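Presented below are the structures under discussion, each in the form of structure tokens.
You will see chain A twice below: alongside chain B first, and alongside chain C after that.
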Partner chain A sequence: MSGPQRKNLFKIEPFKQRVELDPNYSDKAWKILEHAIHEIYSHNASGLSFEELYRNAYHMVLHKYGEKLYNGLVCSMTCHLREISKCIEAAYGVLFLEELNRKWVDHNKALQMIRDILMYMDRTYVPTSQKKTVHDLGLKLWRDIIIHSRNIQIRLLDTLLDLIYKERTGEVINRGLMRNVTKMLSDLGISVYQDDFEKTFLDASSSFYCGESQKFIECCDCGQYLIKAEKRLTEEIERVSHYLSSSSEEKITNVVEKEMIANHMQRLVHMDNSGLVNMLIHDKYDDLGRMYSLFRRVSGGLVTIRDVMTFHLRETGKQLVMDSEKLRDPVEFVQRLLDERDKHDTIITQAFNNDKTFQNALNSSFEYFINLNNRSPEFISLFVDDKLRKGLKGVNEEDVEMVLDKVMMLFRYLQEKDVFEKYHKQHLAKRLLAGKTVSDDAERSLILKLKTECGYQFTSKLEGMFTDMKTSQDTMQGFYASQISDSGVGPTLVVHVLTTGSWPAQPSIPCNLPAEILGVCEKFKAYYLGTHTGRRLSWQTNMGSADLKATFGKGQKHELNVSTYQMCVLMLFNTSEQLTYTEIEQATEIPPQDLKRCLQSLACVKGKHVLHKNPMSKEIAEDDKFYFNDNFSSKFYKVKIGTVAAQKESEPEKQETRQKVEEDRKPQIEAAIVRIMKSRRVLEHNNIVLEVTKQLQSRFLPNPVVIKKRIESLIEREFLERDKNDRKLYRYLA
Partner chain B sequence: MRRSANRRTVLQKSIGLNSSSATSDPYRSGRSVSKEMENIEILFGNYADISSGDIEPAGIESLCSDISISHTDVRMLLLAWKTKAKRQGYFSQYEWCRGLKALRADTLAKLKKALSDLEKEVRSPQNFLDFYSYAFRYCLADIQKNIDLETACELLNIVLASQFPSQTKKLIEFIKFQHEYKVINMDQWTGFLRFCNEINFPSLDNYDSTLAWPLILDNFVEWMLERQN
Partner chain C sequence: MHKIGRGHREKVQQFMAITGATDKAAIQSLKASDWHLEGAFDIYYTQLQIRAVTDSKLLEELYRRYKDPYAEMIMADGITLLCSDLQVDPQDIVMLVLSWHMKAATMCEFSRQEFIGGLQTLGVDSIDKLREKIPLMRAEMKDDQKFGDIYYFSFGWAKEKGQKSLALDTAIGMWQLLFAEKCWPLMDNWCQFLKVKHNKAISRDTWCQLLEFFKMIDPTLSNYDAEGAWPYLIDEFVEYLVENGLAHLP
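After this line comes the complex of A and B, so read on.
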């Protein structure tokens, strides 16, 4: 070839391998992949090499054939899904859903494999070209081609709703299949679930329950209806947990609540013979509880129950306190109130979840009707009196506390607390003086409770009463110790020295005491004033009592337990056989009204008529004659004549007490006005009334007219003046 | 001191002088003023009680008959108002002179005329309020703060009836009808005038009980409305 002289330059050519790909490479690679996809869909994937397929896909993407690959995938998958769609459409009846579900499972499996093969594309090509990942693409295509296909979409929905309807009407359906299908819809995106299923489902449910509730309400009573509604509600909640998306729970319960409860609330509550009022009357805790838990689910539900309950409470309460028949016995009256409260309290705890707003409604209702009757304070005090005299005998401490707590609860409802206090003081005084208190502990416990409610001012006087009782005991011991010399002669005297002011003021004109008593009284007076200089004693003969030993005809002896007045009357018959009313009145100087009452109890009570009266009538007249009843007899040695127990006040007494209360209120109202005006200097009329009411309402509810009167009195006394220009204003004059 | 001493002597001299001799000078020179004063004092002397040195109820009675006015006539109350008399039925010399000087009346004839003029003058609202409150205070005895119902009604008739006849009539009727109040105090008294001035009568349609009227007026309105229905 070439000669040796030619310079032979050895050149090493770079290794030149043709990296240039076969121009048909991408086609070939896609062919392989397409084939693989086909195999996968035909359940023939076992023969495929994952490594080879992955490599091919990898290279395609690497060599910028990503788009071709992606489009190919779309094409091929679409094609397969169309095939599947036809299969599904061909299935009928129950098989339809099953087929759909099976194909969906297949599709998911295939999708998994395809995604693995095309993983490189998913990682690099998809994000840069902003396409859907293989998985998402698969779902999207499934949605568009299968679910939204004309032949499938409607059928799928109808089938689902039909099955749910069947289940609602009691058939058993394949819940697993339902769950898979709804799960599929959710997987395709929440909007698919909502648009293609949930919306229509809710509409269908709505009309189903609308119809059903109409049917129920026509033929069921309230209780039954509520049971059905509750059952439906739990069913729906269960259904959601079994085969619907949990996001549907609130929506479907709302539908049931609206259709079955909210729409029929008023009718249910007011149902004749079975509505709320009936349940309350008959303590139907279960029904009430059901109503509460169902109604609380809808807006305005609890308000509805509460309003009806309040109305019912007020009405029954009104009857309770206004029925004159029921007012005859104060103790029973209060017991009835307590029972009524207990009853509803139990209902609220048992059935109404101890709801605060219901408790408040209960309280405000009681406050409303208790105060309709202005004798309530008196009656409550009489109830306490009854309990503390005898009702609590032998009852253990806890129960006593419970009774007292209940009484305090009623007390809190009273607007006129000062009236109760007045009566309580009177009744306590009588209890203490007659020695009729069951337990000092109970009394003290009540005082303590009143102290927390009304403050120190009120109870200090009550405590003073107890102190007086204790001091009197010591005084009596001292007295008898000093009188040893002439003991055994004459009557035994027990004196209670009462501090004026602590005890309820009783206008008292002392009557003429029998000489025997008078002597010992004078002795006591001398003793007492000897030890306590500078004091004054006056006898309250209207409050005392006496034990008399009396001998009747045939030598029969009895001990008579009488009041001081009665004693004075009886002692007169030691010296005379017969006395007229006028003679008795002159001899004793007992006030006529009291004398009449005490003669009535001596002469007109069957089995206890120590005296004979002529003529024999109930009423006492001026010229009636009285004889000592020598034939008096009784089974008992001790005879108690005429009870001094506190009784319901008579009309004039009531008026008097009321007047006293009104009188006591005046300074309180004035003090409040002055307090307010002192700090505000200038204030409008209405605001004064408002503030005074606010300040005093824990004690009583002042009447605006009375407040106005007090203001005018303060103007007259130049504490206040009217503003010269603005007539509504008052000025404080310092 | 000298002046009052002088006055006393003048007073003593003037007793027994004929009041008709006093004439007034329309041009009121300094001399005539003192002349007028003199005449007023002479008039006072005619009615004053010698021992107390004041005009007493008896003196007023004779004054009334001299000028032929009833002692319950509003004009007598106007005279008291003008003299700012403190005590009902009495004029001190100081009060008398102050009043008559202000009225420029040094003869009985002039006094009578001046009182009639005063009746017109007092109708201006400010004057009337002053007069109206004065009338109440004038009727108070000693340290009292109230007047009894009978006096109150009479007084209303005298001072208020001419301006508010129908209101006064009804009000008096009501006061006599009710039993809640036994006396009338200043606050209620001024309330009556304010009521007459402000409230449409007899419709009472602009009465607002929240405006803090004295309670007696609330009751009055309630009573009126009850009777209207």
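After this line comes the complex of A and C, so read on.
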């Protein structure tokens, strides 16, 4: 017994006597387990005791016999699988796959049980010795022994592909079985699925579709082919969802896309009588939509469609604008343009998913061919004139806006917008002066649109014209108020006072007005100049009109609506029975070109023979004789003989207008050059050309040669000089 | 002296010390030689020589010999006389070079200032001495720099007083005269082209640019550049040559 400081420690000594395990214990244990595995594989598992087996396995591992257990397991399982393999190989035909599937299911069940039994080994021995778990081992062995066995491997692959082929050719196959088998392959590892099935599957599909597409393309037209291709594509996607791994979807669709679409793209698009162009012409929205969605899947598909469409548009457009037949009626021509545009716009919206790149292609094509014909600006203006004169009569506001918006679309395509401006001004002037516009609101709406598009400068003169018309009305009121004392005597005069500069320049030599008219005109002139000092008025006798009350031979009265020139001519017949051309010319002093036209409309137009001409030919000759047609008759009281509305210009007139436009452009170019040089001070020739083009492109496309000439003119006038060292450089001279 | 840098100031002082010139003359000579002392000496002594050599009285006499009886200028008759004294043809290019030395404003007339100043520059005060200078003047046409100066000078000299452009016939005559010894193969084509296609006066810019064209562009047009900012008349000339198969564009 120790002292009071020392504690009494109770020690428990370990068992000195080792309990030795029975050296045969491991063998015995293994025998039990081996037998159990055998029973499991023979579907006799019900008689086994889970507890006992687990305990045996546990002890083996505990007493360091894990390796023996593991190796034993490998051996045993290998044996059993070899047996199974023979079974499977023995199966015939269709049964092969079923047998394989069945055995696989069995194996999985067995594996599950074995794993449960050997769970301790899985958790302790396996990680430390870096071996596969029971489950993984089971899969690996299955793969090595069964799947990769020479016979089975090939047979499995062939069977699967064969079934797929059968299904593709219309037979019904067992999809559930397929699904199980492919799932088995996936479970064995993605590389197993890919190497033992997918790769070959894709190759086989590739040759299948290669052949199929060849067959179809020989016998189908484009639309039919596309339907078939679409069907196959859908089918493959469906197939994947039913019994293939989803990782295959993209790969198989790529195969189909390549074989059926990409390889035949050009041929399909260019197919005679059924290709893209045919579809476009006949508005085959379904076919086009299908083509779009299919071609979208392959690289370069949409580009192909777009290029062919662009080419087709440009060709059709080019033909349209160069075809002299179609150009005879400008209004028809422009309507055709609008129709073509609408048509293709609808195609893009309906079939091409409103794809912006296609919209752009449409716009650029139109821009290309509209500008091939340099009369396009004139024709568009004539179209507008027709609409505003009568085409839009009675149309509601919304529809009017729609038509004008469409016109604006065409306007935007024009490169020579300043030419359009010139013609629009001319035509507008005629409309306003003849009082022939369908709706003031429509006119103003169009001007507003032009202003938004091109700026204030473009439309300021047009607006000036409207203002003049309004002001003239007020002036007339004032005039008549001041003439009350004279009312009732003489003809009624209506005057439009036009500000020079706003209206198209028309130098006119005044003709000899009849005495009655002259009197009233003088009165007006006096009145006007009385209220507006410092102004000068000149009568534009080529732009006026008159209403004449005429009494004919049998007493029939008519009111004739004629131009001022025609009035002068007719009034002569108040005092003469018969007049020759020369006499008329001398008396009226109307310019010969205009006089001839005027006489033609009075004497040569059916139903409007106010005058007789001797001889009766259509051409006017110097010694033709004219006399009043007493026998003139018409259904209507009011007869309109005025010279016609705006029409497309004759060659010489066209040349004249074009020359004026070119002249107008010169100062604009010069102003742009000066502006640019003032801010840049020194600039190279090519850069000046670029900048000028950029500044002016909203109105017209300047010709580089003209720009060069303007630069030289500016050098002459000492606004610019060439740099002394670099002759391509110009300097601004302040 | 304020505007001259320190380094330059030293040179001026050096110059003055060596030559005994006034500071004004020193600065002038140095500026003219781009501030190289050696060159400045050359210029200074040449000028001295000239001034020294020419006798103003003789020059006055000469002037009076040729001057027009009714005007303070040497006019056409005087010039004809001068030419015969010099034994040269009035159309001879030497007369142009002479006019250039005189900085004459217009052809076919010399002012007193121009006549006397020109002869002084040449360092002559008699007809004989002037005649001796003729080969030298001819040689000047061969010098590229001087030829260029003479060429640019000719435009202003040949055109009518008060006009901006040079009449076509005169221009063609001048070109043929100036380029007589240059042997430019395209000269005839150029004149032909102008007569046929242009038929209007020639602007100064076109005149000057033609010399550039001659200097820079190969007669076969192999190095012609359409983007070269040439005057449009020259562009048209090139087109004309191509159209008539006289040249091909690269």
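One rule holds for everything that comes next: the second predicted complex is superposed on the first by the 711 of 734 C-alpha atoms of A that agree within 3 Å, B and C clash if a C-alpha of one lies under 4 Å from a C-alpha of the other, contacts with A are read in each partner's own complex, and residues count from 1 in each chain.
By our rule, contacts are C-beta pairs under 8 Å (C-beta built on N, C-alpha and C of every residue); 3 or more make two chains touch, one makes a residue touch a chain.
Quantities reported herein were computed from a predicted structural model and do not represent experimental measurements.
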Do chain B and chain C fit side by side on chain A in the superposed arrangement, or is it a clash? clash
Does the superposition put A:587 against chain B (first), chain C (second), both, or neither? neither
Which partner does A:476 reach: the first (chain B), the second (chain C), both, or neither? neither
Does the superposition put A:493 against chain B (first), chain C (second), both, or neither? neither
Regarding the shared-chain residue A:48, is it in contact with chain B (first), chain C (second), both, or neither? neither
Intersection of chain A interface sets (partners chain B, chain C): 684-686, 705, 708-709, 712, 715-716, 722, 727-728
Chain C contact footprint on chain A (complex, rising order): 684-686, 705, 708-709, 712, 715-716, 722, 727-728
Chain B partner, complex, touching residues on chain A are 684-686, 705, 708-709, 711-712, 715-716, 722, 727-730
Residues of chain B touching chain A in the complex: 145-146, 185-188, 194, 210-215, 218
Contact set on chain C toward chain A in their complex: 164-165, 203-206, 209, 212, 227-229, 231-232, 235
